[in-house]
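Paired with subunit B in one complex and with subunit C in the other, subunit A is shared by the two complexes that follow.
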Partner chain A sequence: MIEIIFDSIPSFWPEITIALTFVISMIVEFIVGRKGKASTGMTTGFVVLLGLVVTIFQLPFQDLEPRLLFGTMVAVDPFSAFFKYLILATGIIIVVFSMQSRELREQETVGEFYCFIAAMTFGMLLMTGASNLLMVYLAIELVSLSSYILAGFSKKQKRSGEAALKYVLFGGASSAVMLYGISLLYGLTGALDFSSIQAALAGGVAVHSVHSFPILILASLMILVGFGYKISAVPFHFWTPDVYEGAPITVTAYLAVASKAAGFAVMIRFFYVTFFDSFVDLGHWVSLPHIDWVMMIAILSVLTMTLGNLVAIWQDNLKRLLAYSSIAHAGYILMGVVAMSDLGLTAVMLYFLIYFFMNLGAFYVVMAIADRIGSEHIDDYRGLAKRAPLIAAGLSVFLVSLTGLPPLAGFIGKWMLFSAVIEANLIWLAIIGVVNSAISLYYYARVFRNMYLREPMDGDDSPIRFSPLVIVITILFIIPNLIFGIYFGPLVTYAQNSIELFLR
Partner chain B sequence: MLEIGLTHYLIVSALLFCLGFLALTIRRNAVLMLMGIELMLNSANINLIAFSRYQGLMLDGHVLALFVIILAAAEAAVALAIVLHIYRTHNTVEADRISSLKE
Partner chain C sequence: MQFPILTLITFLPIIGMVIVLLLPKDKTRTIQITSAIVTGLQVLLAVLIWSMFDTTKTGINEVASMQFVERLPWIVIPETPWFGEIRIDYFMGIDGLSMPMVLLTALISFLATFSSFSIKKSIKGYFAMFLLLDAGMMGVFCALDMFLFYVFWELMLLPMYFLIGIWGGPRREYAAIKFFIYTLAGSVLLLLVMIGLYLSTIDPQTGAHTFNMIAMMDPANVTEGIFATVGSTARMLAFVGLFIGFAIKVPIFPFHTWLPDAHVEAPTAISVILAGVLLKMGAYGLLRISFPIFPEMTLYFQIPMMILGFVNIVYGALCAMAQTDFKKLIAYSSVSHMGYVLLGMAALNVQGMTGAVFQMFNHGTITAMLFLLVGVLYDRAHTRGLNEFGGVYNKMPVYSFLTVIAFFAAIGLPSMSGFVSEAFVFLGAFQTSKLWTILSTLGIVLGAGYMLWTFQRVFMGTLPEKWESVLDDVNGRELFTLIPLAIIIIFLGVYPSPALNWMSTSLGHLVDLVNGSAGQAMISTF
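Entry: the complex of A and B
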């Protein structure tokens, strides 16, 4: 037993490092935070930044031969490594963003903010590799608990506390439902690790009995509730708009990109390993008989993207608009899961890479503007093209990319998703996806119209000045959106090389 | 004499789960809603222990139940801190009256 643990530790260094970062940053915050009352939290911020950078630089040295660590708890494979890169890169960028955010600097104890970013990142790294329901539950709870605290971090803003309360109630409820589902599945199959559950189900446990088959369906649906809440799929999305609007904007960006990616990683691993007959026939996954997962997730995907896009039309707050847009994007990404093929998985991962650039860019620009003009309301964006041409151009690029119009990067992501779905003979789903992209153009266009075609409110067209750092970061995010729309070969290759999952 | 078996435990846990869910949906007081969540978590615990005991399984179920107890305590700590903060800013813990964020 002890040998298993010692053998596993070398492959577990990234997670250990980030856990240590959390502990050390807590101690640093305790020492630094007490002296000066007007602490900006920068010291703790830099400690966490250093920890994240050290962690991400350990990843290339990992042996990615698919295998399990600590018995059956955590899997190491190219699939989890891909999501770890994505999550850590997002974490680094979020820490950098947070250091500039005025909303956070107004807090008294901003140092603790970075500690919880580290804790949340640790949880998400575990989620990408979790291959035992115990680990899945623990990792999801670790991420949830840290994000409850982060969502309510702006203590001076009433809406932040409200966001945290709604988040804790919805999050607690859905994780309790998921846990009940886990307990039922444990009772049916007698195991908690994915491969044993798959073996039991493939061996006919619970599938052929009239009594236990409905329970199996119920258990799987309850577990789906937990994942649906993490990726904010309709109908488990109710918390998303409120939390995204109320939370500090850097937390919103982190939830929208990294937390969603981790949710997809754990969901894909669970469904592909547990419910599929793991037999890969020319890159296609064959589902265990009796449960029509394809149809079920396809319906979830259609609901998610349609509702996200339709409700976004009515939003006047940019943060809330981006929240609904991120719900819609979860719907698009679910199309790649539905395809149940290697091409589908590649499309999901490619989409996440591109989503990373376009969504973080959009959130950053909204944050920079809110820091200057103190508002996220769409009416305050009137005449922005005259007042801050470069920032307005940046926001336009990100929004066009989110719409998925060529020649920007978002188009490539959508194109891959649609082709994966068409290859899986679900043409109706692809059509709904295209219609949805058209709808989404409408509400993004409202932002363009306000920025470019309308006169500023109160006739105030004085230029808004941004610090050089803001401009540099905006340009750094614009470039990949432009380049990857044309030169996307390396991204596709990287995604293709990362789809290998540990099976058994 | 009636032998207490797996089925009885499962019925109790299903009832407990439904009661918790009812509390969550009907009650508007944030603290009572949190208590509903606790009931749901504990119903799952009963399931885990009962399955583990009566189906002669390994200790997985017991271990998961232990972890759930710990996590429930952690979650309660965070949630109650948030409720306390809400009470300071809003002077109420009724979920319906805390609604500045609306469509």
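Entry: the complex of A and C
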């Protein structure tokens, strides 16, 4: 037993490092954070930043060959490595963003903020590799508990407290449902690790019995609830708009990109591995007969993108608008999961890579503008093109990229997703997808309509000054959106090389 | 490797846009001159292409007879065990179908640049968007790789949205977003069909899937995936989807409702671009993509398409007759005139097809001129209400003379270019469907009706007092934009054969491809 642990540790260094970062940052915050009232949390912030950077540089030294660690607890494979890079990169950027956020600097205990970012990152890294239902549950809880605290971090703002409370209630309920699903599945198959469950199901356990088959379906649905909550899929999305609006904007961005990526990683691993039956040609996965989880997720995908887009049309708060848009994007990404093919997985991963650039960019600009004009309301964006031409152009690039118009990167992501869906012969899903993408144009266009087509409110067209750092960061986000729209070969290759899942 | 003239003509405006963006905001004159130089160089390049163009080469579905071909690998993603190589080419080339469109785009963009000099609001942004739009339009007509085609196709949406939305009339926001959403809805259908075709087509040279439109035209290459079976429902849906996508752009009834709004709200120069070039892209897409790739569906839907052509002609003309806004009238006359294009191409014979493409070119010049003329009047009177005018002839004789030319060309009077193309359209369509052709001739009568009535209302009678001091005759800049169009219209009306020669070889080949043995064999199996 002890050998297994020692044998696993060398491949577990990234997770260990980030866990240590969490502990060390807590101690640092204890020592330096409480001295004076003027604490900006910068020291702790830099500790966490350093920890994240060290962690990301340890990733290349993880095993490249897919294997399991600690018995069956965690898998290490290119698939999880891809998501770890994505999550850590997002984490680094979020810490950098947070250091600039006025909203956060006003908090007295902002140092703790960075500690919980580390804890949340640790949980997400575990989620990407978890291949045992117990581990899945623990990892999701670790992420959730940290994010409840982060969401309520702006203590002086009522909406932040409301967000945290809603988040706790919804999170608690959905993880209870998920836990119940896990226990049902354990009761049926007698196993908690994915491959044993798969072996049991493939052996006919619970599948052929009239009594236990509905329970199996129920159990899968309940587990789906847990994942659906994490990726904010409709109808488990109710927490999303309020939390996204109420939480500090950097937390919102972290939830919208990293937490969502981790949710997708664990969900894909669970469904693909647990219900895996065989491969057919061209990397198409076939799930065990009788269990049509593909249809369940397809319906989830349609609901998610349609509702996300339709409700986004009515939003006047930019954070809320981006919240609904990110719900819609979860719906698009689910199409790639539904395709059940290696092409579908490639599309999902490619989409996340691009989503990283366009969504973080959009959140960053909204944050920068809110720091200056103190509002996220769409009416306050009027005439922004005159008052801050570069920032307005940047936001337009991100929004057009989110719409999926060529020649911006967002189009490539959509193109790949639709290719996967059409290749899997799910034409109806592709049609719903493209109709949604036309609808989404309307609310993204509302933003640049206000920025470009309308005059400023109250005739105030004084220029808004941004610090050079803000402008540089905005440009750094614009560039990949432009470049990857016309030159995306390496991105696709990278995604293709990362689809290998641990599978026995 | 020959001189990359098509790349140059397409990307020249992008270079111009970068220059414009780098210039300081208050150097308005420099910005205007830069744009004029860029579009002027484009015209020179287009004339160069025209002079070197070999009218005996067919093009359409043969790579070897495409002209000015440039082909470079753009995106190459190596093969994986589970998915073939992904390869997208930068593949440009023109034939007799696209050459007139390239010429038209260059010419209209150049003239529209001069018309844009009357724009007063944020000039830098305007010309940057204008040049980007220009690049997108030119790219659409030169691209032979469908991915590339799609990128160019979408590239002009955003500039067009801003050009209408920022510099347009009072209801510009509504018109701009309506245009944007309509066109995007159409082009996402195009996207789906494009992906389906990609997954179905194998490039015989590389053995991998391809976006090469020419390869897609050979049924022998379309062997996998959803479009492999000739006459299948998937192919029918794809054809209908593509048709709707392109019909929105043309626009074909009932997808035309964005057009009057966009035209009325857009500034004059942008109306000129819309009518002159943008509408042609829909018809071009049908001829370049739908017809040769889905020939059996083209034959299957031949008569429905002719009926839609008839509806467009008559409905457009009736709507035009009911308008009291000068610009809206021209917009609806556009709908009517594009109906002739659809009628001609659906005839699927050489006369009809030639007539259709020639009509595309002529409509580009005639309607551009009409919109320029409306712009002249609007710049002076700041209204376009037809009933508010009268007796303009006495005050603006030169203007009125030019209007007479444009109106008569739009009616299709002999010795004007519009007559030739409409005659060819009817000649071709009559051979295919006597009934719908005869009914469509109603459009000519109605066309004469609303044009002459408009002329009577605006130019005859007595001039209302209030216009006495404001209406001056056309100035030099306006003459500079109007005269070339008038010359082209009259020249091609008297001596159309050069223009017909550009396209006849290619279009004859296209007709054979769809209607000839290949198409007939395909339809017989379904």
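Details
Operating definition for what follows: the second predicted complex is superposed on the first by the 500 of 504 C-alpha atoms of A that agree within 3 Å, B and C clash if a C-alpha of one lies under 4 Å from a C-alpha of the other, contacts with A are read in each partner's own complex, and residues count from 1 in each chain.
The rule is simple: a contact is a pair of C-beta atoms (placed from the backbone, for glycine too) under 8 Å apart; a residue touches a chain by one contact, two chains touch by 3 or more.
Please read these numbers as outputs of a predicted model, since none were measured by experiment.
Residue contacts after overlaying the shared chain place A:L343 against subunit C, while subunit B stays out of touching range.
Residue contacts after overlaying the shared chain place A:Y444 against neither subunit B nor subunit C.
Legend: residue contacts after superposition of the two complexes on their common chain; A:G190 is shown touching subunit B, with no touch to subunit C. Of the two partner chains placed by the overlay, only subunit B lies in contact with A:Y180; subunit C stays clear of it.
When both complexes are overlaid on chain A, the residue A:L169 reaches subunit B alone and has no touch with subunit C.
Within the superposed three-chain model, A:R159 lies in touch with subunit B and out of touch with subunit C [touch as defined at top]. When the two complexes are overlaid on their common chain A, residue A:F466 makes contact with neither subunit B nor subunit C. In the superposition on chain A, contact of A:F270 is made with neither subunit B nor subunit C. Of the residues of subunit A, not a single one touches subunit B in one of the two structures and subunit C in the other. Here subunit A touches subunit C in the complex through residues 282-283, 341-343, 346, 400, 405-407, 411, 415, 418-419, 422-423, 425, 427, 430-431, 434-435, 437-438, 441-442, 445, 449, 452-454, 486-489, 492-493, 496, going by the rule given at the top. Remark: subunit C residues 75-78, 80-83, 86, 150-151, 154-155, 157-158, 161-162, 165-166, 172-173, 176-177, 180-181, 184-185, 188-189, 191-192, 195-196, 198-199, 225-226, 234, 237 touch subunit A in the complex. Within the complex formed with subunit B, the subunit A residues making contact are 133-134, 137-138, 141, 145, 148-149, 152, 155, 158-159, 161-166, 168-169, 172-173, 176-177, 179-180, 182-184, 186-187, 190-192, 241-242, 245-246, 311, 314-315.
By the touch criterion stated above, subunit B contacts subunit A in their complex at residues 10, 13, 17, 20-21, 24, 30, 33-34, 36-37, 40-41, 43-45, 47-48, 50-51, 55, 57, 60-61, 63-64, 67-68, 71, 74-75, 78-79, 82-83, 85-86, 89-90, 95, 98-101, 103.
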